[in-house]
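Two complexes are shown next, each including chain A; its partner changes from chain B in the first to chain C in the second.
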Partner chain A sequence: MAEQVQEYLKVERQQPWREELRKAMKAKERTDITRVKMPEEDPHFRATNSNEVNLGLTKEMALQEARRCLDCANPTCITGCPVNINIPKFIKRIEQGDFLDAARVLKDTNTLPAVCGRVCPQEVQCEVNCFYVQKLGKEAVAIGHLERFAADYERDSGNISVPEVAEKNGAKVAVIGSGPSGLAVAGDLIKWGYDVTVFEALHEIGGVLKYGIPEFRLPNVIVDVEIDNLRRMGVKFETNFIVGKTAGIEELKSEGFEAFFIGSGAGLPNFMNIPGENYTGIFSSNEYLTRVNLMNASNDEYDTPVYSGNHVAVIGGGNTAMDSVRTAKRLGAEKAMIIYRRSLEEMPARVEEVKHAMEEGVEFLNLNNPLEYYADERGQVNRMKVQKMELGEPDSSGRRRPVPLEGSEYFIDVDTVIVAIGVSPNPIIPSSMPELEMSDWGTIKVNKETMESSVPGVFAGGDIVRGGATVILAMGDGRKAARGIDEYVKARKKK
Partner chain B sequence: MNRIVEKEMLNKNVVKLVIEAPRIASKRMAGHFVIIKIDEKGERIPLTIADADPETGTITLIIQRVGVTSHKLSLMEAGDMLEDVVGPLGHATEVEKLGTVLCAGGGVGIAPLLPIARSFKEAGNRVITVLAARNRELLILEEEIRACSDEVIIMTDDGSYGRQGLVTHGMEEILEREKVHLAVAIGPAIMMKFAALTTAKYNVKTIASLNTIMVDGTGMCGACRVSVGGKTKFVCVDGPEFDAHLVDYDEMIMRLGGYDKQEREAYDRYVAAGNGA
Partner chain C sequence: MADLTTRYMGLSLRNPLIAGSSGLTSSIDNIVELEKAGAGAVVLKSLFEEQIAIEANASLKKAENNDLIYTGKSEALDYIDLKIREETLSGYLGLIREAKQRTVIPVIASINCVTSSDWITFATEVEKAGADALELNIAIMHADHEIGSEEVEARYFEIVSKVLSTVKNIPVAVKISPYFTNLAHMVIKLSETGIKGIVMFNRFYSPDIDINTLTEKSTGTLSNPSEAANVLRWMTILAGRTGCDLAASTGIHDGTAMIKQLLAGASAVQVVSSIYRNGIEVISSMTGDLEKYMEKNRYNYIDQLKGKLKRDENSNVAAFERIQFMKYFSEIV
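Our next item is the complex of A and B:
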């Protein structure tokens, strides 16, 4: 498989247009160009609204940045991409000015390029493997920004290409959950001729892309365009359908579904289990973000309520914590704080998210850990006790372990607390399928090559397998599972 | 989209809606609930399924007017559509033949109690039901409850019907009189709290069905969390029924009031926009 891919990439690279482009400019001229800066909305203005923060590259910026790419003989960037985008090819199409074809290249392997161009942590995936970083000690080619540019260009052009779909093969596949892993499975299988239905528990398609990631980082319309694309390719979507409740896998089998993909996500928020955590005004980041993103709670025309706190503490240091604290700021918080038990260096959030949060006036209380919450007579949280921490020896995650500093406890006045310390796998499907083998952490055990679970014909991927990861890793799982399902169905047909 | 096929006001504040939802109707069991959303701008609210007919593919929901959403629901008519109905959610009631089951329902809590009482009756238990309401006008589903109970005691706050007193008075009378194998209490949190205190005195295992705030109803948001036996549980995926003697009702009441201010403001806006109170 890997060799075939290498061969394919080589052949692609030898195409005359690529050769010509490589010759058009000296390598030295290319490497002398400095990396493009993503234009951003002004921090003071953007912290008052939900407009997208990153504005996207202009055509000129994209052309210039594309020239930086050396079109390496051995494109190491691709090895860092969980969905194996042919990165040099799409960038060279941009350099050529053929932006629409650049988008087509992206869509060959990536169902959601406009989404990934915005929320992928490219700095630890493709870009960290870029020749510029590896060999030149320079800033990587802005692969993520270029991906977004191509996808946005195509969308704005009104000339959205619908990938080719093979002739129907008559096999029905059920995809459970419409988040990134499920959409990736659906995108591949529909191309290969399968009859694909995606079942979604909520009333909207998109999973975490809709309820979790805020508008200022990923506008819902962007997600809808990509979903609409899948619909045009023939994917069917059923909302308000909870597999394991509305109907079980056995019932769906009797309705003709041959294979299943479980991408039900990590939908069970973790709490710290410290005293006072159930006072009102204390929410999981899932609840807070769902109210704002999915239910439009900050808009008075919508019926769902939300707390627009004045002194908001967000517990945690991941992307979800950044999304929550920046949302709180936009809902009018005078003081929006991150409370994180390690230091800035260990923070799992993307550097860009931390930078944006800081620019928007978020306070970072690093090396601080919550101990207890206090409330007024109505049970509304009004104060919290935190303890200062210092860093000790590295722990199993490789990060330095936070150690409490005795006697350093102090109090902070808060009226809203958002707990963003991670999520656990959603229990609904596993509890409806006792035969499914699970890990001690409640994740579904799968064969890492095919993503097949212990139940034949039932595949899984994304957070229900990983226990909390990124959009792109979930999509990578989805693509792998699609191949697994394809092999499974074909093997079954032969029998 | 789910069509409302029948609408009836059970009293001035309580509406009964029969809704087309064939998959849910065929799957639901006593104890299950659904999440509904009226329209694009609506909120998601949990409602226990009071009854279902797999033949006609309908479920019955009974709603008390308390805020904007329940008020809007009470104004809907047969033929209108609900944008979203999802379920059945939660764990079903564990129904078995135990002997005598004492069911206690307060106010609109009588609606979720009905399918549970009926299931215990069908499983061969002797079912004694105590219904409580503020007054005669507010008592709902008496006939249906009678049809599946061996004995029914009715308590009203003002004595306008049945006997005057609280639900616990009626329960205590039965507990004094005979051996009860299981009690089920559903109603306002404060009523369940005192019902649980009452059965605890007689060492009778008791289950309570909790109605907390929820958004998704699938474990995702954690808005519904309650302390049960000192541990945080999610009503949507761990419940909605719990050992009534272990539930922290005071915390539950506090959490139910978590959005009081926002809900009052929303209701005021709703009324100010010309909608009748």
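Our next item is the complex of A and C:
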């Protein structure tokens, strides 16, 4: 952490209220408390509806968990947070019982605390750096659960704080894409007095938070509250506007926009390119989830219903695969399967998502890989050929490479297949700006300090730069880009 | 003037010299140059089964060294080998298409495989892209003492059978090594599977040791003219006994070496190391030597000299080899 930040954290920690709280309990008493368990809906019941699975902590639970935090002199948890939330401070506000102020602390650096509290992989970010994990070999303080608690408490109380906004400085900034990076940029720039317009290609604001993450993991209403907060701060939103098609960057420049942030995400699905992948009933996870999450496709009365199969195979082992298979289960699939070519240990999905999927009756065919799809006379997929795999030598990431087992091919009856093997960056904007430098992965190359691209005044962040990452990393990029844009506009004005 | 045209795997070649699979045949510009230099056909650089894994690993490493690319739990990188495979294979198919557009000589695609898994799908793509033939370079160097020779041989037949079940419209050749307990039996059995050619032989990495640094090193990647002798031995033994054409490969560095293989029974020869060593002009020099030899000896057609010195089909090869050994080694043994 930068010296300045460390100094700030030190001063904050020396506040009398923090010192008083630290003295209120012995460290031993704190470390003896067992980590809270997130209450969940019953698996049998929840697999039949789209209610949120995690129910959130009660006040008592939150207070007890907050007591576990030792308010360390060197808060290593913060180093794991891409947006540098002052984690001990917000947790201590919870311990103090001032839940609204805890939410305010979160919002100082995080535009979407209720979202991050639900979907961030805290176990590999802030929580893995917690003193409990690093030094005591115990379970980390449940930072994510507490973050969600504070944000939900504020929302439910009706006392949602709107961060202060500086006087308008007259500079217009266009944010392309309303996903987590775009919302983070907008949140910071609006606070600093910029005139911010967010352009969204779809009819709903929220990007991947809305189209990609199902209701049972992140209810749309939670995202809407956070977006509404930005609206109240003055951010303007234009939906059904595809920058690069509806209008280009140059046209927007002529409308007075001085700087641009591209946060158009990674919406281009990857396929395996195996025979039969074009048959009816085979979807990309993007299409499947977007139809269900954003277009109400599970409701027969809507114009674009999705085919809800009885035997559904989802290819892949990431969070998107888990979201897809659990969605299929909720749409009534008798048999919902994960087909993944490595073992459970190598799965990129969060442990919690895998656990939830297993509890809900999802079958896991690990060390299996599709080879070919077959269809009936109407072209509807009805069978797939699968090959068993074994694990070979580790690849450069240390994970063992899947190797086909010769002669192990067999068939599975399926009527729906969802391919969830990752996404590539959205190509629309890069293809409309040939001067934009791109990487081998189809991502926009940026200066990692300022997030400025090879085109002056054009910044980028999130999945279009990282190629399919996490919500919080995208938000971290957004915040960094906001500082970059601020410096760029100020320097321009000085000239 | 002697007619150098010949037929190999049912393909018509303007002469029997084929530019073998190597870096020389990996780009369209080189392929065009090889045609201009007089090659009768080209075998494209082999796509190695392991190449995809190696490239995927390199790509993963590159991503890990880039702070901005998310590698931690990335779903896309979890399947990066598929993407690399797709890019590599589509690049290869593009090379076939372009080679067919810009040249008239036969273009033979090549796959270097050790298993019979998803390469089979790719073999059909090669056919669709317009390759005139497919050469399967089955390079298995077995060092696993727990695998019996029968199992090793069975894998060859499994690969061939799977490829032939999907590649129906173009001829398939198999390039093999000489390392079999009974090479003659293996070659004849393979030639009866429906393949149209057998290429003898592929070369493996050739190890050496640096005694000063105590490290392993390579003796070099190019062949030597002395290596042609073993090919010649098996060509004379097997020509006329197989159900498909034979092509000679390894150690054929000049016109004389090419003529010897033709006399022994080869339908064509594959040349690589000599082009690397002597330049692309060696092709016209070798075909020129062949033409002169044919004119001098009054051969009008390749078929008149092809197999002229092959071993009699009824000869006892083992007894002959022992007599030759005694004859030539008696003075020094």
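Note that in this section the second predicted complex is superposed on the first by the 493 of 495 C-alpha atoms of A that agree within 3 Å, B and C clash if a C-alpha of one lies under 4 Å from a C-alpha of the other, contacts with A are read in each partner's own complex, and residues count from 1 in each chain.
By our rule, a contact is a pair of C-beta atoms (placed from the backbone, for glycine too) under 8 Å apart; a residue touches a chain by one contact, two chains touch by 3 or more.
Since we're looking at a predicted model, the values are computed, not measured.
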{"item": "Chain C versus chain B on the shared chain A, clash or fit after superposition", "value": "fit"}
{"item": "Partner chain(s) touched by A:239 [first = chain B, second = chain C, both, neither]", "value": "first"}
{"item": "Chain B, chain C and vertex chain A (Cα centres) - angle in steps of 10°", "value": "70"}
{"item": "Partner chain in contact with A:91 - chain B first, chain C second, else both or neither", "value": "neither"}
{"item": "Chain B versus chain C as contact partner of A:280, first or second or both or neither", "value": "first"}
{"item": "First (chain B), second (chain C), both or neither touched by A:247", "value": "first"}
{"item": "Partner chain(s) touched by A:291 [first = chain B, second = chain C, both, neither]", "value": "first"}
{"item": "Touched partner set for A:387, first chain B, second chain C, both or neither", "value": "second"}
{"item": "Partner chain in contact with A:371 - chain B first, chain C second, else both or neither", "value": "second"}
{"item": "Which of chain B and chain C A:439 touches, first, second, both or neither", "value": "second"}
{"item": "CA minimum distance (chain B, chain C), superposed complexes, angstrom", "value": "9"}
{"item": "Shared contact residues on chain A - chain B and chain C", "value": "273"}
{"item": "Complex contact set, residues of chain B against chain A", "value": "23-24, 27, 37, 41-44, 68-69, 83-89, 215-216, 218-223, 225-227, 232, 234, 237, 251, 254-255, 257-259, 262-263, 266, 269"}
{"item": "Contact footprint of chain B on chain A as seen in their complex", "value": "201-203, 211, 239-242, 245-247, 267-269, 271, 273, 277-281, 283-284, 286-287, 290-291, 295-296, 300-307, 378-379, 426-428"}
{"item": "Contacting residues of chain A [partner chain C, same complex]", "value": "121, 124, 266, 270, 272-275, 316-321, 342, 346, 348-350, 371, 387, 395-397, 401, 404, 406, 420-424, 439-441, 443, 446, 448, 465-470, 473"}
{"item": "Residues of chain C that touch chain A when the two form their complex", "value": "53, 56-64, 66-79, 81-83, 86, 115-118, 121, 158"}
